[in-house]
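Next come the structures, one after another.
First subunit A sits with subunit B, and in the next complex the same chain sits with subunit C.
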Partner chain A sequence: MSLDYFLTVSVFSMINMILALSLNILIGYAGQVSLGHAAFFGIGAYASAILTVKLGMGYWPALLLSVFISGLIGLLLGLPALRVREDFLVLATIGVNFVVVSVFNYVKFFGGPYGILGLPRPSLFGHAFTTREYALYVFLWTLVVVFLVRYLSNTYLKLGFDALREDEDAAESVGVSSPRYKMYAFAIAGLLAGLAGNLWAHYMTVVFPDNFSFPVSIGILTMVVIGGVGTLIGAIIVTILPEVLRFARDYRMLIYGLIIVFTMFFMPKGIVGSIKGLIFGDTPLGKKRVEKVRRIAGAQGRITGR
Partner chain B sequence: MQALKDVSLDVEVGEIRAIIGPNGAGKTTLFNIINGFLRPDSGTIVFDGKSIVGVRPSEIAKRGLARTFQIVKVFSSLSVLENVLAGLGVDIYPSLEAFQRSPFAKEYVEKAWKIIETLGIEKYAFVAAGTLPLGLQKKVEVARALAVKPKLLLLDEPVSGLNDLETQEMIDVVKKINQSGVTVLFIEHDMHFTVNIAQRITVLDYGVKIAEGTPEEITKDSRVIEAYLGSEEVA
Partner chain C sequence: MLQNIVNALVLGSSYVMIAVGLTLVYGILKILHIAHAGIYAFGAIFAVYLCEIGLPLVFAVTLSLILSALLGMIIYKGFYKHVLDRGHIVPLVMSVGLFATMEDLYRLVWGPYKRPFDVYIDLPDVMTMDLYLSSRGLLMLIVTAVVIVLLYLLLMRTKLGKSLRACSNDLGLAGAFGINTDRSVAFAFLIGSSLAALGGILVGLYDNTVYPTMGSVPSYKAFVVVVLGGFGSIRGAVVASYILALVETFVVYYFGFLLPRDAIAFLTMILLLMFKPEGLFGKVRR
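On to the complex of A and B.
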């Protein structure tokens, strides 16, 4: 296994991780099932491609702008979620994926089926990143995203998402505005998927419509489902899956399908979620949080324990 | 179809008011209109001196109106504690503080724990709310509603499906809540519960208010007896 291969696999895995974390915010946190996540990924990639190649913008401003654009479009494409729920939302997001890919394919400005070529690698102080440096760069972004998501998991934003996912009416009754929180979820997911798209595009240096087609969305969903909807660690561990399955390229969709069905039937919390349940017992609150709460309530001499 | 017609209701600050009526009388519809899930075709709803017609339910909650549901809607996969913490976020959700504040900060956990103690459900604080029996889920809903710091609390059938012991506990809890200064408006079919705690009762039938008064007056009212049991000759 050459170093180049290893680096490429690592970069793809890390980008997958960002995508899985991003989709997990929508599905696992806010309960908004999206089957068109590759669209947001593609929008980040294409936005950066157009800004750098067609408009001659430098990498760094293009990074900021492409991520911003993805977040904004995520917000706009999230608008259907305000009107439709559950299975209808799934269909609507699939539709969004097909529309976005069609636009890349048939609108000349987006380069058509031959895509956009010649994206620059980022450079610092006049030095363009080598492949190795780029892998490190992607690694740093992945860390940032992991910490960001971890941070958000501990805020009222997350509890608002939880409430929305569990029951929209009950969420409203405690002050969670469902349109506002759906928009938050789509915007954050769009931002993160856009970042993944940017990182991917400038690694490959080319973008084609097919890179963001519906099967890619299924792949991202598979990662989230296997990892365990709503769990951070699951999303991290299984992101290497598309690479592990590379040898079975033609059968990848078949294998994804089997894995999803198997996981749904036997491990509804995902593989990682189920193992965690076996080790730590079935408590919706983490062990650390239970300890913390016991400390706070116990300090007043009022805890009766479980 | 009209579920409610010309219903006029004045709930005084500090009282416990019951709404009763046969199935399909429009009681839950009335609740859904008060807390903003449904918009009335006409008429006004004034809460705390301001009209709340057309205001989002989440905003109505923020102004101090909390509710429970006839068919319980706890946040099933969240722990009981998180259900209550979710209610405490009522002022935080609409602001950017939602991105900063942690529900597990000391101040919120302490407040939540106090409410959990009021309901006597400390034992279940860390359990997923959806796994609890109905009686406890109803208490979780009341706890979550209390966390919203309501001025007015709407309870939709708080004791339906509960046994005698659980019903007695709910009577004590609602009295305690009311004594702490919360106005309570509830829907209930259980007359033992209703007569025990309601100061006044409003009766709906086919979307129309047919009677209003103290429990003694209502239980003797011929129109009410007719609505429930049919005409007097039959009774």
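On to the complex of A and C.
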């Protein structure tokens, strides 16, 4: 196995981790199932492609702007979530995915089916990143995202998400504004997926509409589902799976599909979540966690009123 | 003009076939049965296979419909039934997984190719001054009309139809009044799946191509119809199928809209979900 192959696989794995973490915020934290996550990913990639290739912007301002744009569009695409719940939100996000990909495909400005070529690699002090340096760069971003998500898990925001996920009406009744928290969730997920898209696009240096089509969304969902909704560690472990499965490339969708079906069948909490349940007892939150939630909620005095 | 309307009718008929099953299932179990389109593709693929090995068309279609119906029931009995008590999301995610699995299986077994549906249909082509409708399009319209009438009779005039309607109204209450709900649901899957397969066969005939991923777009597009039709109302779904087909056809024809027709359908659905979440013909439910 050559170093370059290893680096490429690691870069893809790390980008997948960011994607899984980002979808996890929607599904695992806020309970808003989105099946159009590839659309956010694609918006980040295309925004950066257009800014650098078509508008001749440098990489760094383009990075900031593309992530900002994806967050903003994430917010916009989160609008349907305000009106529809659960399964119909899933349909709406699937629709969003199809619409976004067909916009990429059919609007000339986005390059059509041939995509946009020739994205620059980022450079620092006049030195363009080599593959090795780029992998390090992506690694740093992954660390940042992991710590950011870890940090979020300890904030009031996360408690709001928990409340939203467990019972929307109950959350409303104790003063957690569900539209506001839904918008937060979609904006954060959009930001992170946009970052992943940016990193991916500048690694590949080309973007095509097909890179962001619906099967990609299923792939991202698989990562989250296997990891176990709401856990961080699961998303990270499982992102390596597509790379391990690369030898079975031809059967990838089949394996994804079977994994999804059987995980839902036997371990709806996800593989990692279920094993954790076996070891630490089957409370939905875990004893320590319940204590912690009580403590924070007590301090805030806003969620439970206790 | 006339040509557009006829084209839209053919298109709408293909939506009816797949949307009816989805509506039945959603109406009763309240789950989004995405793998339904897997059965749609299965019906077409299996019918083509049977024709290729030399069976006559009618026999091939019948056999394919029976197998598809059984497949639908297996999906219910083997999968959904066991996860119904786990909320809406688990069956839905499972359904997405099932659909991905089915599509990939077809691709592996059948090959990724498009194959023609080479059979002779004993119907004339309709050709006048400003209208062309192939014999296969004509067949589609006729079969759909027959199916709609039969479905109406089944739902309104038979005991089975009555129990289906009762289940769709309130599954728990229907059970409490002594209806064998499990059997009714199984029947809903049988009927819906065979209609989906019939839809797949008719579309395969009309386009004269059958391929493993032919269900991909219909799988999600049919939900546009279910949403438009007001979630679980068969009559609404039938009407919505034709409305959607007309809107798509005319928007593409007159405005030359820059997006493909599928995107139009999805945009319609998103907007509808946002501004009129109960659907065009639905009652307000909260």
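The rule is simple: the second predicted complex is superposed on the first by the 282 of 306 C-alpha atoms of A that agree within 3 Å, B and C clash if a C-alpha of one lies under 4 Å from a C-alpha of the other, contacts with A are read in each partner's own complex, and residues count from 1 in each chain.
Assume a contact is a pair of C-beta atoms (placed from the backbone, for glycine too) under 8 Å apart; a residue touches a chain by one contact, two chains touch by 3 or more.
Model, not experiment: these values are computed from the prediction.
In the superposition on chain A, contact of A:Leu35 is made with subunit C only, not with subunit B. Legend: residue contacts after superposition of the two complexes on their common chain; A:Leu3 is shown touching neither subunit B nor subunit C. In the superposed model, A:Phe265 makes contact with subunit C only, not with subunit B. Within the superposed three-chain model, A:Val144 lies out of touch with both subunit B and subunit C [touch as defined at top]. Using the contact criterion defined above for the overlaid structures, shared-chain residue A:Gly257 touches subunit C, although it does not reach subunit B. Legend: residue contacts after superposition of the two complexes on their common chain; A:Val244 is shown touching neither subunit B nor subunit C. Looking at the complex, you find that subunit A touches subunit B at residues 152, 154-157, 159-160, 162-163, 166-167, 169-178, 180-181, 282-285, 289-290, 292-293, 296-297, 300, 302-306. Of all residues in subunit B, only 35-37, 56-59, 61-62, 66-67, 69, 73-79, 81-82, 85-87, 89-94, 97-104, 106, 109-110, 113, 117, 122-123, 125-128, 144-145, 147-148 touch subunit A in the complex they form. Those residues of subunit A that touch subunit C in the complex are listed here as 33, 35, 79-80, 83-84, 86-88, 90-92, 94-96, 98-99, 102-103, 105-107, 214-215, 218, 221, 225, 250-251, 253-254, 256-261, 264-265, 268. Remark: subunit C residues 30-32, 79, 82-83, 86-94, 96-105, 108, 216, 220, 223-224, 227, 258-260, 262-263, 266-267, 269-270, 273-275, 277 touch subunit A in the complex.
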